[in-house]
């Protein structure tokens, strides 16, 4: 296999992010939640490589633990969206008929539902926790997954090997699991990489509106949102998480492109 | 020396004279952080609404800058011997925006609407309660209004002057639709209501026949002569955008700059910052019904763990004065005894906590990001408690949810802020009361409750002061909450805006302000 | 055609009803009380109860819901709890702010994306292609509010070319209105262009492989015409679907953009209404957004056959 | 040969380092028809694309000259090339479904070349288009100009394609497998039309095909390619009659010929019996307003005895495939009865249907589509043994390996389908169908997508397996050559009805129905091979 630049760059970027997160689990230069009011908004220095924030907390340390939170929240959200989307998409695409119509209406409703309303509702019902965000964004993105899955299922179920499976006497459930579901893996994997990036973006946008992962736990999203008032005085405060978000998204998108090429070999089917 | 002073005064006067015609063509643009709710004084309102309405309507009396009550539409107030009859003599020459002269009938008409239940006037409950109840509004002649109370009250005039009550503003009956519903205010204030474009701006225009009091502006009282032709309150919800708008010259007054932005703003040439202590109160509430916090030693431990001066300095950028008293520092009832802030004692805090049976349980501090100060207080409290070995988590809620939790008393600790109370009794009343019927009240102590009710009836200032001091001592002992500070309002103006000043109530005042380019 | 449109709208009714019901009950599940928010920290329990009764919030939930549905069916969306304004006109007012920004931004994004995406695909694997894809990916990797703020700082504050705040309706002063929406449009267009460029490129790559492109070239059709006439319509069809999706999403409110640029739009209205628990407004906005979503989808479906006649609307 | 329309000299085309065309040379005189014959991967299509200089990305010409008349195309500017494409060289593509632009009306696409290359007025162009469309046999041409490609059948599209190319009277017409996707009858019609048009306009014809059967009928000369190299070149008739290269001989040998008729079997109760089978599809349209259902199979009866090989023949749209699926209970049966071993199975479902499913198997046409690309070959073949339950996994694998061995694919169980050739895939499909020892196998166009030599081998394998295992077989095909090779009995379907039925030789030699006769006439059988039949 040819070494693809997008695979290499995307992999490196995401690998870097994961490495930062992994490192933060065992070590950070300073305590990421420890405030120090005498060291507010310091510029980068030998002791605080990326400076300090408005509470005097070490930006680098927060960036590192933020990686853990952002990555786990994004990953968990993607899992929720995938599970929900797969269920809706598979059921709708494979069973068709009224099931498809009902699920379609449900899907449309979810799509038409503004994410912020969902986020607020679930956050309020579940209490302020990252799991509320995970569920809200998961629900918000599930219809997109469902669409892709349904489309794939609709085209796969017309392929002859699905009919061949039926001709063998296999049950519908077996056919679905053995012959249809595996084919959704490729498009869903590609989608999942993009979702990963979108979730990180959405989480930061929700923070911007005051609804993200509750502080003081650091996420890049809430770091960026709280850094906004100090864009002039302490640019590093917003550049650092902004750059991490952009790197993560760029990595995810490039990896998604690479996966698309790898998983779709156009084997003549 | 005298000569130079005279010269300066002359120069100032002539510059005024020169400036007025130019200013008259100008529009003064003021930031408003959210849209107003209505134009109906004291009915569907919030602080922004009050701030617009007080440009348009005036009450019989008005709040002075020092939170005392001064005359406005009434030239004099006489209180009867038994303290149950208030006689207001209306000032002559006052006209409504529609040209009609002000009469006692107008006052009676407005007061009667306020006191009707279906009007939903914010302060009807306060003037129809066991403490204070209006029994009659009489108009012996065109220029005289008599209001009778069931029993004497220390608070009656303050109630009438309260901005959140719409200053019990007097408007002409043209303000109502034929069916009695509110249309738009036809008041006596220095500005008329112009266009209100929802979500964008509220515009006021100068009332050319405004009957100003002589002298200088003083809170909502005093001389309120309009100096600009038009005032536009531009709605800019976002603080960063508002600051940018001021710097870019898109607005003329930023009445509520955040303390965070002050260091940067101070360095800019041509920018004036007008700071004034406000009468609100930032606090840390503790739920005395909580299994852990019901032990007073635990609450004391928490209070001792806090470095209040350091916390206040950090949150307010050094502009607010730390105070453990609920009565605002500027109040005449704020005594030297109240000014003392007990020092931090981490060792003692650890000891008390251990005695109270604290074994590392994680406390939860409720806060919100809607008000940055609440959030910062919570973060700092969490950090300071940790020094004393008390672990806690923040529960950052959206504001409506926090308010709901507050009202139900559903919290362990909560960073909270009370809006301005204009009387020390009200300052205590805001957190004192029976939890059984009012779960929002932080301090449930029948003895204190009795002391509080006494201060409401007591009209003698010295006796009241003594009671408040006693209450303050008990508050520091029982610590149902930790009072921290009253915030400071920072108004910011560029060089061409003159005559603007911040004051104890946050919302800006556009009268007396000139634009001079 | 008219029958088809009518049928589609009829089919959308359950979606709208479901959306309305879920938002109604979801919001009621959420803690927070509009009466409390209005009365603030000084509220007495009696005053809160009075206000709740005045707002009709004291009735059982299903009754409230049915009453609301009944009024909506009659075209009355109720009045805002916050400022008593009629919700229907309020929605239209705010939509009149959001719609031009979104339409201009998506239009500009599409105008930018289609030629760039097509050229990148045409010159697949060339330097220009890699550069285009990289820029597109970078654009869509940027948080929109972040980009917006930077643009605001540079062009509003430092250069002073556009006002930092001050939305003006087009009817009032077109020139100033244009100034006011310039930055939000540019920001939104840049961010959305990232997505669209990638889509346009991908679908163009697909189309370029097909025989009819070779057929056109075999007839001696010049390359520009091949792209414009034979590749564009087919490559544009899937992009159109995406544009529809983007438009549907954005028209429902660009709360973040509207916050950064101080636009009194639909998204901001929703956010504010949520924070204020202004139920009639939330429900109205929700229904409106769902309806927009349905209509945009319908419009895309009606437009689609223009580019791909194999798909028929009926 | 100086008057040649096209001269190709030592043409080489490479994909990366690999040469897909290697030193190809030929010449084409005006009006002459040359067939470039070869199986998949022979480089014939790349050669054609190189001539019109439209090589797909990744392929490039590395050596040789291509002269159109006296002009070297390799040296021509892009502008000059555009002038030459159309009036100089026209090209018809293989896939009618993608070779017309779905976004434009056929009128616009036919007219486009005229607008580019002639000075005719709009009205003149339109007249020319109408005349041409009529010439290629599109009824109501004037109104059909405004129709879109998807409104036409595959055969019609290929005619439209031909019209748009021939309207410019090209000196050279390249046809790249123009009829591979069409059924026999349509194929003959389109090719006859093409040949006639080329003759009328004096265009030289370069026909790219894998089907040697077509060569005799449509080409003057033929050039056989294998793996990018020329194997043999010569007059078509001579090449077929006396092939000199081994490879050509193998190709000729792979042409279908009739096998010996088997002795009639004693009457026995039918294995499967369909009576008045009716299959309908719901009409298209939205759910409130639906068109009446379409009848795909209108009351067809059929009985197959154990061990019998029956061929079901018909053009596309005849309903033969639907009927085959209905027979296997894969398509919904709307009316009639279906009996298997005397018991009715028409309405059974779930576990009641399982014995029937276990006994009946299917081999589909498309060896690419019928194998799950995400399963290994061994697992594909072992999958049928999952049912009925009871066989341990290890034994399943063992039996699958044995079955693969039997179809000549020993040792490749680890591979995925995409790593196999078309013939190998079809062997896998056959192995999957037979691993459970079914009583009936329905083979739906099972060999029509394969190259001739491979087809020959697969057919021989199938016949061999059938003899050894004795299953009954329904062979659905549009290719009469296949019928000749293996069928005992022939059924002919047309427009959803059975129009003829009988013993193979009787039907093929003495067809009674017009449709059968037309089919037979269209079959690209090299006439000279006929005497060999029955040997």
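Should a chain be cited, it is by its letter among A, B, C and D, assigned in written order, with residues numbered from 1 in that chain.
In the analysis below, contacts are C-beta pairs under 8 Å (C-beta built on N, C-alpha and C of every residue); 3 or more make two chains touch, one makes a residue touch a chain.
Worth saying up front: this structure is predicted, and the values here are computed from it rather than measured.
Asks: Going by C-alpha centres, which chain would you call the most central?
Replies: Closest chain centre to the overall C-alpha centroid: C.
Asks: Centroid of chain B to centroid of chain D, CA atoms only: how many Å?
Replies: 87
Asks: Between chain C and chain D, tell me the centre distance in angstrom, where each centre is the average of that chain's C-alpha atoms.
Replies: 49
Asks: Distance between chain B and chain C based on Cα centroids, please, to the nearest Å.
Replies: 40
Asks: Give me the residues of chain B that touch two or more other chains.
Replies: 240, 370, 398, 401
Asks: Pull out every residue in chain C that's touching 2 or more other chains.
Replies: 30-32, 149, 153, 259
Asks: Which chain D residues touch at least two other chains?
Replies: none
Asks: Would you please name all pairs of chains that touch?
Replies: Between chains, contact exists in these pairs: A-B, A-C, A-D, B-C, C-D.
Asks: Considering only the defined contacts, which chain D positions touch chain A in the complex?
Replies: 325, 328, 330, 353-354, 357-358, 360-362, 364-366, 368-374, 383-384, 386-387, 418, 429, 432
Asks: Help me check something: in the complex, which residues belonging to chain A touch chain D?
Replies: Where chain A meets chain D, its residues are 159-161, 163-170, 178-179, 182-183, 265, 267-269.
Asks: Tell me, which parts of chain C touch chain A in their complex?
Replies: Touching chain A: residues 12, 14-15, 18-19, 22-23, 26-27, 29-32, 130, 133, 137-138, 140-146, 149, 153, 248, 252-253, 255-256, 259, 267, 270-271, 274, 282, 286, 289-290, 293-294 of chain C.
Asks: Please name which positions on chain D make contact with chain C in the complex.
Replies: Spelled out, the residues of chain D in touch with chain C are 49, 52, 54, 56-57, 78, 81-87, 89-91, 93-95, 98-104, 112-113, 116-117, 148, 150, 161, 164-165, 168, 285-286, 288.
Asks: Could you list, by residue number, the parts of chain A that touch chain C in their complex?
Replies: Listed in rising order, the residues of chain A that touch chain C are 5, 105-106, 108-109, 111-114, 116-117, 120-121, 124-125, 197, 201, 204-205, 208-209, 224, 228, 231-232, 238, 242, 245-246, 249-250, 253-254, 257.
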